[in-house]
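In order of appearance the chains are A, B and C, and numbering begins at 1 in each one.
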């Protein structure tokens, strides 16, 4: 099986309300799947299930062939959610070191140094995150998601509220990751930046999968609003 | 097991750096002991008879300040999501946090003990090691159950109110046992003859509720 | 009327009739007890209320455990209903105990082992009810409640044991229930049965409310999703 990420007829209920209704998506190794949809369409719910933060009410999910909640699977996936997931009271280096330990990264010090360099935070590695600017925090959050060299990346609106420098950084990091054979699923409102990277696109509307297929050049030229009208088929 | 030490170490690091919770906790405990000295004549024999009770009331209330922080710290920036998404299992997360809170609260108690002995004219040296044992068992009951309930209430409105409301009734048997044993040690210097059942109760309580927490915590963290 | 409604009416009806008959016997037919006088009759309500309360808490424990296993929200609804009704029976036990203490000892509260233990249970399960009110998301509420119900029930026997030991070391006025004379047994156990019937009926009504509430929440979310 070549799919790195597979969701098969996934349903998720919040009480009696179906947040996801029979959603099936897949992403092959080395590809980038962009999840589109309005707020409330179910993108975050789906990503959280893929990351192992939540269990589906029905349906099957596989990340690299194994269930997302297994420790081995979680060790190979990197998750960046709405919240940045770094501790204000620790320094940048301590934050990355903590997560490197949680992910059992071999040679933690080297990995932490490497990623601090790549997000250009090496100079301030001993500064408290509390004192960082917003852009610096976002870059550190990106480093946190990448520090254990994951094979699958699950990113929930990663470009939202990033400054231009951070956007360019993330795009570069993702391109390098794809070259290594990484797979990414990212949800987004920032269509331009995401669609540039995406190889495949899936559109969710009120929990249902409305469209999925390869990303075409034509999509890049369409105005954003067209994706969010209920009758559109992309 | 390594996950346990990673989590505990980070929690201790965070807290010892800012010392907010420790300072607040020690101050609160001392204030309680002070206020009790108005209600009860501090050096009278009758007061010595309730000394165990006084100490543990102070520790229980001061402990709530530390327990509240334990999961609250993870809420900022959605750190809890980042940790749960990592390979660390639920029971490692629970145990790590419980151990960190335990060590912090034990530290607070060891700071308060000499102050208590001075204010209330109680000699601690007679029975120091048994006293330490009771402190360890009682504090573990407090922190393990407290961290469990903190995990339950982490995402809830009125979180700071719900934690004490749920914790203290549930903790009452362990508090009773700790108070009885402490009073025996402070008044006579050794355990009394009928303290045996209390000792067993405290150990049993610790075992039962730690086991339950380890079994059930995963359900609470992954919805 | 649906089958369930008929069943609830049957339970409530049978319970009420039996209760009336039993009340007649308890209040008018049975003689007074030697030491306590007329007030001892309160035992026919004080103790059965406790039994039924615990029975409901046990049912909630089972439902909570099952919920954690298969995530069926109907089980959560049942657990919540059972605990709410059980809590009311707890309150009945406490109130009758206080009335009894007032009449026998002249004080409203005695730190009697059973009364004190029951008070702690009342606080524990009352906390459960307050907690439920503070969580909006149905699944989170169900999971958190289920875990709390398990902890609470595990604590109940420990609380009773601990307080019994405490009270033997620090004695205080005790409400003597003593043994039951032969002619008392039938009305007593009949009242236990009656309370069970009525408790079950009220729990089922409450369960109905929970089901409706869940449906409403689901519909509300649907409406929001469609309006957006």
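FYI, a residue touches a chain if its C-beta (ideal position, glycine included) is under 8 Å from a C-beta of that chain, and two chains touch if they have at least 3 such contacts.
Because the structure is predicted, anything quoted here is derived from the model rather than measured.
K.L.:
When you average C-alpha coordinates per chain, which one falls nearest the overall C-alpha average? Tell me, please.
P.N.:
Given all protein C-alpha atoms shown, the central chain works out to be B.
K.L.:
So which one's got more C-beta contacts, A-C or A-B?
P.N.:
If we tally the contacting C-beta pairs, A-B comes out ahead.
K.L.:
Computing the C-alpha centre of each chain, which chain sits at the greatest distance from chain A?
P.N.:
Centroid comparison gives C as the farthest chain from chain A.
K.L.:
In whole angstrom, what separates the CA-based centres of chain B and chain C?
P.N.:
A distance of 31 Å separates the two centres.
K.L.:
In whole angstrom, how far does the Cα centroid of chain A sit from the Cα centroid of chain C?
P.N.:
Whole-Å distance between the two chain centres: 48.
K.L.:
Provide the C-alpha centroid distance between chain A and chain B, rounded to the nearest whole angstrom.
P.N.:
Measuring from centre to centre gives 39 Å for this pair.
K.L.:
Do you know which chain C residues sit against two or more other chains?
P.N.:
In chain C, residues 139 touch at least two other chains, as defined above.
K.L.:
Could you list which residues of chain B touch at least two other chains?
P.N.:
223
K.L.:
Report the residues of chain C in contact with chain A in the complex, numbered from low to high.
P.N.:
71, 73, 137-139, 214-215, 217-219, 221-222, 224-226, 228
K.L.:
Which residues, counting only chain B, touch chain A once they are in their complex?
P.N.:
Listed in rising order, the residues are 2-3, 6, 10, 13-14, 17-18, 73, 76-79, 81-89, 222-223.
K.L.:
Mind pulling up the chain A residues that touch chain B in the complex?
P.N.:
Those in contact with chain B are residues 48, 51-55, 69, 71-72, 74-75, 77, 79, 81-90, 94, 98-99, 101-104, 144.
K.L.:
With touch defined as at the start, can you tell me which chain B residues reach chain C in the complex?
P.N.:
Going by the criterion above, the answer is residues 145, 148, 152-153, 155-158, 162, 165-166, 169-170, 172-173, 176-177, 180, 194, 197-198, 201, 204-205, 208-209, 212, 216, 219-220, 223.
K.L.:
Can you tell me which positions in chain C touch chain B when the two form their complex?
P.N.:
Where chain C meets chain B, its residues are 68, 120, 123-124, 127, 130-131, 134-135, 139-140, 143-144, 146-148, 150-152, 154-155, 158-159, 161-163, 165-166, 169.
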